[in-house]
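A, B, C and D are the chain letters, set down in written order, and residue numbers restart from 1 in every chain.
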Amino acid sequence: MLLSSRQFWLAALNLGVIAVIGFLRPDTFLSWINFKAILTLMSYDVLLAMAMTVVLIVRGLDLSVGSVLALTSVVLAMLLRDGVPIPIALAISLVSALLCGAVNGFLVVKGRLLPFLVTLGTMTIARGIATVLTTGQYVSFPHATRWFSKFARYEIDIPIGGSAYGVPVTLLVTLITAISFGFLLWRWAPMRSFFFIGESPDAAALSGIRVERVTFTAYLLSAFFVWIAAVLMTSANKIGYANYGIGSELRALAAAVIGGASLSGGTGSILGTFLGVLLLALIGNGFILLNGDPNWQQATVGAVLIIAVAVDAIRRIRGGSE
Amino acid sequence: QDNEHYGMVVFLKGSEFFNWSYAGFQDAAATVGATTELQGPADWDASAEARAVDQLVAKGVKGIAVTAGDADTLTGAINAAMAAGVPTLTFDSDSPNSDRLLFVGTNNYNAGFAAGKAIGETYGDDARVGVSLIPGLDSINHRLQGFIDGMASVAPGAKVVTEVNDEGDLQKAESVNTAMLQANPEINVIFCAHGNPATGALAATRNVGRDSGDNKVGVLAWSIDAPILLGVDEGEYAATVAQNPYMMGVQSFWALWSAAHPTQFDSLSNPGMGHVPTADLDTGVAILQQGNPAIQALMSPPKL
Amino acid sequence: MLSATGIYKSFNGNVVLTNVDFNLRPGEVHALIGENGAGKSTLVNILSGNHRADSGVIEVDEVEKSFGHPLEAMRSGIAVVHQELSLVPNATVAENMFLRREITNKFGLNDWRAMTEAAQKIFAQMGVDINPNDLAGSLSTGMQQLVEVAKAVSLNAKYVFMDEPTSSLSEKEIQELFQVVRDLRDQGLGIVFISHKLTELFEISDRITVLRDGQFIGTREIIATDAEEIISMMVGRHLGDLFPPKASKPGDVLFKCCGLAAFGTVADVSFEVRRGEILGVAGLVGSGRTEAMRALINADPRLAGTFELNGQEIEIKDPADAMRQGIVYVTEDRKQSGLFLNFAIDQNISVSTLSKKSGRFGLTNRTEIAQSAETFIEKMDIRPRRPDARVLDLSGGNQQKVLLSKYFEVDPVLMIVDEPTRGVDVGAKALIHQRLRDLAETGAAIIVVSSEMPEVLGMADRVLVFRAGRVSTILDNHNSSLRQEEVMAAAIE
Amino acid sequence: MSHERKKLRPVTVQYIGLISVTLLIAVGFHFSFGNLLTGANLRVLAMNMVFEGIMALGMTFVIIMGGIDLSVASVFAFAEILVGKLMVQAGLPVIPSVILTVMACGMVGLINGVLIVTLRVHPLIITLGTLLTLRGVNLAITDGRSISGFSEEFLYLGQGRVFGVDIPIWFFGIAALILGLALAHHRYFRQIYFIGGSERSARFSGVNVDRVKISMYMLCSTLAGCAGVMAAAKYGAAHWGHGNLSELKAIAAVAVGGADIMGGSGTIVGTVLGVIFLAVVHNAFVTSAINPFWYDVVNGVMLLLAVLLSRFISARNQRELQSAKQKKLDLNIPKTNASED
C-alpha cells in the first residue's frame, strides 16, 4: 500500500481545505500564482520539517533546526560579503551546518544525553553565535556574484498541458529533495534502519544495525536539510540574518507530528510531513484570503495540531491495532 | 574614580535599528569619557526589559535610556529607577504614563502622517493600501493613524484596504503579504508599518507578478537596513521612511548626561536633576526615494 | 471463594476468552495452564481489574463484583504477581511494596522507618534476605519476583495470582518460592499459579485448570490426573518428544573463545564449540551467563577476550560485526531488545537481511520480504498466519518464534540463544528445540543459555556451567547421561 | 542491621556541585566586577528568575511523572491578561479576580491533562498545541495591546514586600517548601515517581494514573497562573509577549537541577538550586557587562555542561558499583579449573 491511512486522511483533509477555500474564493485561491506562492513559501518549512522528521524517526528530536538555519545563513552571508568565492562559501557553510548536526549527534549518541536537552542547548548556542557574529544585524553581500542572490527566485518554466508554469528554483529544489529523500526513506535498505532504531534501539543493535553510527547520520542528515533551507533563504532574501527561523522548530515539530511522526520514534514519512506543512500553510493562506482577523491567525497552528493528533488518536483507539 | 556608566535597554536586541541608536549613545558618551552598555531581550518580551532596567539600577548606572516594548509594562520599572535617583528616559517607543524624564524619538504620528502624505501625493485618490504590521504595538498604531490622516489630507479618495499580521518575521511577512495581494487585487501600495516586513512585502509583489510594469505594487518600507536602502536606490521600493535612530541615541545620552550633572538651574520636571528639555524631542523622519544622497550615507551601518 | 462464570473477552473483535468458568478456593493452589495465547494472562487481568470482561460474572466471597481498576480488586483482597515484572526500578523496595497503602505519620506524611520495618518483618517471615532500602531496579529478576510476592503477602490478600513467576527463576529460587507459596496456602490463601512447566505444577498445585484457544477445557484434581492427560487437554492432540535426538557426530571446532571478561560481571571465560554441536550453558540466575554472551558480541563493553572462527583469529567489534561473520545472539528479553513490537511480522523477520534482500540500488524487495516471512510462518507455525500482523498483538510464544525466525533468516554459523523458550508452551517448545537442532545439523554451532535444567539437559551435547561470573566446569552429555544434580553441584558449590 | 546507606548518592553529588559552581561564579564575579553580592543586586537577581522559578516548581512534578508542559509560558501570559480583564475591564475586586484567574489556569491544565490521558499522545505535542493556541488567544483577545490600570491593592501582590523581601519571592520560597515536603514525603505525590518510573507498574500497583497525571498538569498550570498574576502586579501591566520562552527556562532549571527528563527522578531542592544557578549566571553576565550577545551562548553551554555532569556522575556511580563486583570476581577464583573432555 502506498498511502498509509494516516497519509490518506491528511491528503483528504488538505483537499477538503482546498475545496472550502476554493469554493469561497475561487478567483484568487485557485490560481497558479497563489499555489506557487503557497508552495514556495512553505519550502523552508518543508525542509526544516523534513530535518525534524528524520531525527524523530530515530527517536530523536532537533530543536536546533531554526537556530542552525540562522547560523548557517549568517556564515554563508558573511563569507560572501567578504568576497569568498561562492562554491567555497557554500562548502564552508555546509561544514558549519554539519558541525552543528555532529555536535547534536555526538552528544546524543556518545554522551547518551536526551535529544530534547541537547538540542535545547545547541538551539540557544547556535543562535547565540549567530548573534555574536553579526551583533544581530543583517548581513548583505552586495559585491558577491549576482547569480547567487537571484537563483532562488529564478523561475524555470515547466510545460504542463498547453501552458507553461514558472516554478521557482526554491520550490524545485525542495520538491526534488523531498521526493528523492522520501523515496529513499521508503525503499532504500540502509535508510530503513532508521525506523528500526526508532522502534527499538536495543533490538536494532542486536539485529546487526550500527545504531550509533546510523543515529549520528540522522542528525547529520537533518543538518544537511537545514543547510539547503539556509542557502535558499539567504539567496531569496539576499541577506543573512541571526533571527531567521525563530520559532520554526516548533512549527516543524508540529508539522512532522501532524504528518504521522511520533516522539517515540519508528514512524514518520516525508509525504506525511509534506502534507502536514501544506495543511498549516493552506489554513494560514485561507485565513488571509477570507480576510480573517489577523489576531487569530497565530492560534490556528496550535489548534490544527491538537485537532490533527486528536483525530488520529480517536482513529487509532477506535480502529484498534491495525 | 570609575568612569561614569550609562545603560541602554532595548527589545529585539541586536536589530539593526537599535544598533544605530546604541552607536549614537556610545559615540556621544565617548566624547565625555563615559562608558555604556546595552541590555534587553532579543525578542518582544517587554517584561524582560523591565527586569533589565531594575538590574541597571541595582548596578548603579548614571542614567538609563529605554525603548518601551510595551508602554505599561515598563512604567513600574521606570518609576522605580527615577525614584532611586537614576535619570531615565524613553527613546523610540514611549512609556507616556511613567515618570520618565522625556521621550526622544520619532513622533510616530507625525512620521506616519508624512508617509501617508507622500503616498497620497504619488498615488492620489487611486491609492489602495494594504498594511503589514504587528498588531497591538502603540508605536505602530500611531503610525497607522498618522498614515491614514496624512493620506486623507491630500487624497481623500485613497483608502486603506486591509491589514495583515506579519509577526515581525521576514518569512511570515512574505506569505501574508502574498496572500493579501491575492485576496485584494485592488491593492497598489503596501505600507510596511515597521522595519521587518519590507523585504517580505517586496517578495510578495514579485510572487504575484506585480513587481514591475503598469500594475506594479509600490512598497513603502519603514527601515534603514542596507538591503532595503539598496532596493530603494534601485527602484524596487517606492520609498522608505528613514527615522534617525543614531540621533535618538545621541540625544538620549545628552539628556541623561545633563540630568546627571546639575547646573545652576534644576530640571523643571524633576527637581534635583540637571536641566533637560521639557518637551519630547522629535528626531524626525525623511522619506527616501530613489536617488536621495542620504541613502549612500546610511549604507554603512555602525560597528559596535 | 473467588469465582468467575461465563467470562467473554475480545480485543478489537478478536475473541480471546469464550465462556470461561474458573473458581479458586481459599487454602488451595490452583494451577492454570494452556498454550501461548490461550488466554491465561487475560483471565488474570480480568480477575484483577486490569481489563474488564465483555460479559460474565465475577464473585468474590459470594458477592458480585465489577472491577474497573486494579485498585478495586486490591480492595477485594486480590493481589497479582504479573507475568512481566511491575516494580518501579528507581523507588526503594519498601516504597514499592507499600505504594498506595503507605504508613503515614500524624502529619499525613510517609513514615519511612515504619515502612522499612514492616517490609523487613515480611521478608524475615518469608525467609528471604532483601534490603527494603535498596532500589528495586538494583535487584535481580528473581529477587524482584520475591518482592512482588512479598507485596502480595503484605496486602493481606486472600487471593493471589502468580502469572509465570518461575519463568526467570533458578531452581534454588523456585524452591524458595514454592516454600513461600506453601506457607501462604497453609495460612488459608487461595493461589492461582500459572506456569508452562508441568513438573512444577504437579509439585505445587492442588487443582489444575486447562484453557485452550480461549476456551475452558476442564478442571482436574491434581491427584486424579497426570501429565499425559493435561497435555492432551492443552493441545488437543498427542505430543511427540520435547527434545530432538542429540548430535549425530560433532564436526571440527568452529569457534573458540579465550579469556572473555566483562567489567564486574564476567571473568576469564574460555570455551569452544564444534560444528553441529549444541553447547548448553547452565548456572544460577545472576551467574553472568547473559553478560558473558553479550560481552562476546560486544553488545555490552568487553574487557578482554580473543576469538577464533574456523581456526582464524577474529575480532568482534560490535553485534553488527558479529553478525557479518555469522555470529548472532538471540536475547532473553524479547520485548525490550528482541522485537520491534509495533512493526509487522515480516518487518521483524527481515530486519537483518534487508540489504541482502534488496536489489541493485539497495532498494528493498517487498515480495521477497513477504515470501521469507511466509516461509517462517509456515516453518515455525507462527500465529496468526498473516505476515502483516503486528508483533505486539501476538502472544508471548509466537513473539518468541518471530524473534528466532529473524536470526534463522541470517543463516548464522554460530547462534547464541538466551532462554530460547522462556514463557513458551510445551508445543511451541518442542518446535523451537527441533528447529535449533535442525540448524545445528546443517553444520552450525549453537549455544543455548537456559535456566531450565531439563532444557539444558535435553538439548545440549555438552554443558558449560557458570558460577559467579566464571566457568565452573564443562560437562559432557553426548549420550544424555548427565544428571541434574551434577550440574547443580557445579553451579552452586 | 547493615541496611544503612554509606555512600553519597549521585544526586547529592550533583547538588554539591551545583552549589559550589553557583557560589564560585557569584564570588568570582563579585570580586572581579564588584557589586554582585549587594543587597539591591541580589533582590534584582531573585526577581529576575522568580516567575520562571515558580513555573519550574510545577514543571518538576510534571517532569518527574515523565511528562512535560510547554504551555506554561502562554498560561503565564494568559493569567496576566485574564486578571487584567477581570479587574480593569470587568471591574471585579481583587480577590475574586485572582481566584477566578488561577482557577481558569487550572482549567488549562485540566485540558492538557485530559487530552494527554485520553488521546495517549506525547505531552510535548499536546502542550505544544496548547502553547501555540493559547498564545494566539492571548494575542487575539487583547488585540495585542497591554492592559494596565490596576488598583494599588493588586499591585501589592507583585511589588509589596514583607520583611524587605518581595511577595513573589515569598511565594516561591513557601511554595517550594510546601511542595518540596509534599513531594518528598506525601503519599499522593510519591505516586508520580512510580508513574515516571513505569506507568504500567504504577497502574498495577493501584495508582490511578490518569487522575494523578491530570492533577499534576493542573498543579503545573495553576502555579504558572499564580506566577502570571504576580507578574501582572509586578509590572503593573498585562501583555501577551510577557514570559516568552519561559517554558524553556523552566525546563532548563529542572534539568540543571538533576531531574531526569525521561521521568522517575528529580526533587524540588534540585529545581530550586537549578533556578538559583541560572539566575546567578544571568546576573553575572549583566553586572559584568561582558558583551551581552554572548549570554545565550554561555547559557546553552551551561545547560549542556549541567546535563553532562549529571550524566557523568551517574556513570561514575555505576562504575563504582561494578568495581565492587569486579573485586568480588577477582577474589572468587574457582577451585576447579575449567575442564575439557
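Observations on the structure shown:
Assume a residue touches a chain if its C-beta (ideal position, glycine included) is under 8 Å from a C-beta of that chain, and two chains touch if they have at least 3 such contacts.
What you are looking at is a predicted structure, and each value in this text was computed from that prediction instead of being measured.
Shared contact partners of chain A and chain B are D.
Separating the centre of chain A from that of chain D, both taken as means of CA atoms, is a distance of 30 Å.
Note: centroid distance chain C to chain D, computed from Cα atoms, is 41 Å. Averaged C-alpha coordinates put the centre of chain B at 36 Å from the centre of chain D.
Once the centre of each chain is set as its mean CA position, chain B and chain C turn out to be 71 Å apart. Those residues of chain B in touch with two or more other chains are numbered 13-14, 42-43, 135. Within chain C, not a single residue touches two or more of the remaining chains. Residues of chain A in contact with at least two other chains: 131, 135-136, 295, 297-298.
Remark: the chains found to touch one another pair up as A-B, A-C, A-D, B-D, C-D. Chain contact summary for the complex, chain B toward chain A: residues 13-16, 19, 42-43, 135, 162-165, 167, 169-171, 174-176, 178-180, 182-183, 185, 199, 203-204, 206-209, 225-227, 230, 301, 304.
Touching chain A in their complex are the following residues of chain D: 68, 115, 118-122, 124-126, 128-137, 139-140, 143-144, 248, 251-252, 255, 261-262, 291, 293-301, 303-304, 307-308, 311. Per the touch definition, chain D reaches chain C in the complex via residues 1, 3-5, 181, 185-187, 190-191, 193-194, 197-198, 200-208, 264-265, 321-326, 328-330, 332-334, 336, 338-341.
The touching residues of chain B, when paired with chain D in their complex, are 13-14, 37-39, 41-48, 50-52, 54-60, 69-77, 97, 134-138. Partner chain D is touched in their complex by these residues of chain A: 107, 111-114, 116-118, 120-129, 131-132, 135-136, 250, 253-254, 257, 262-264, 293, 295-303, 305-306, 309-310, 313-314, 317.
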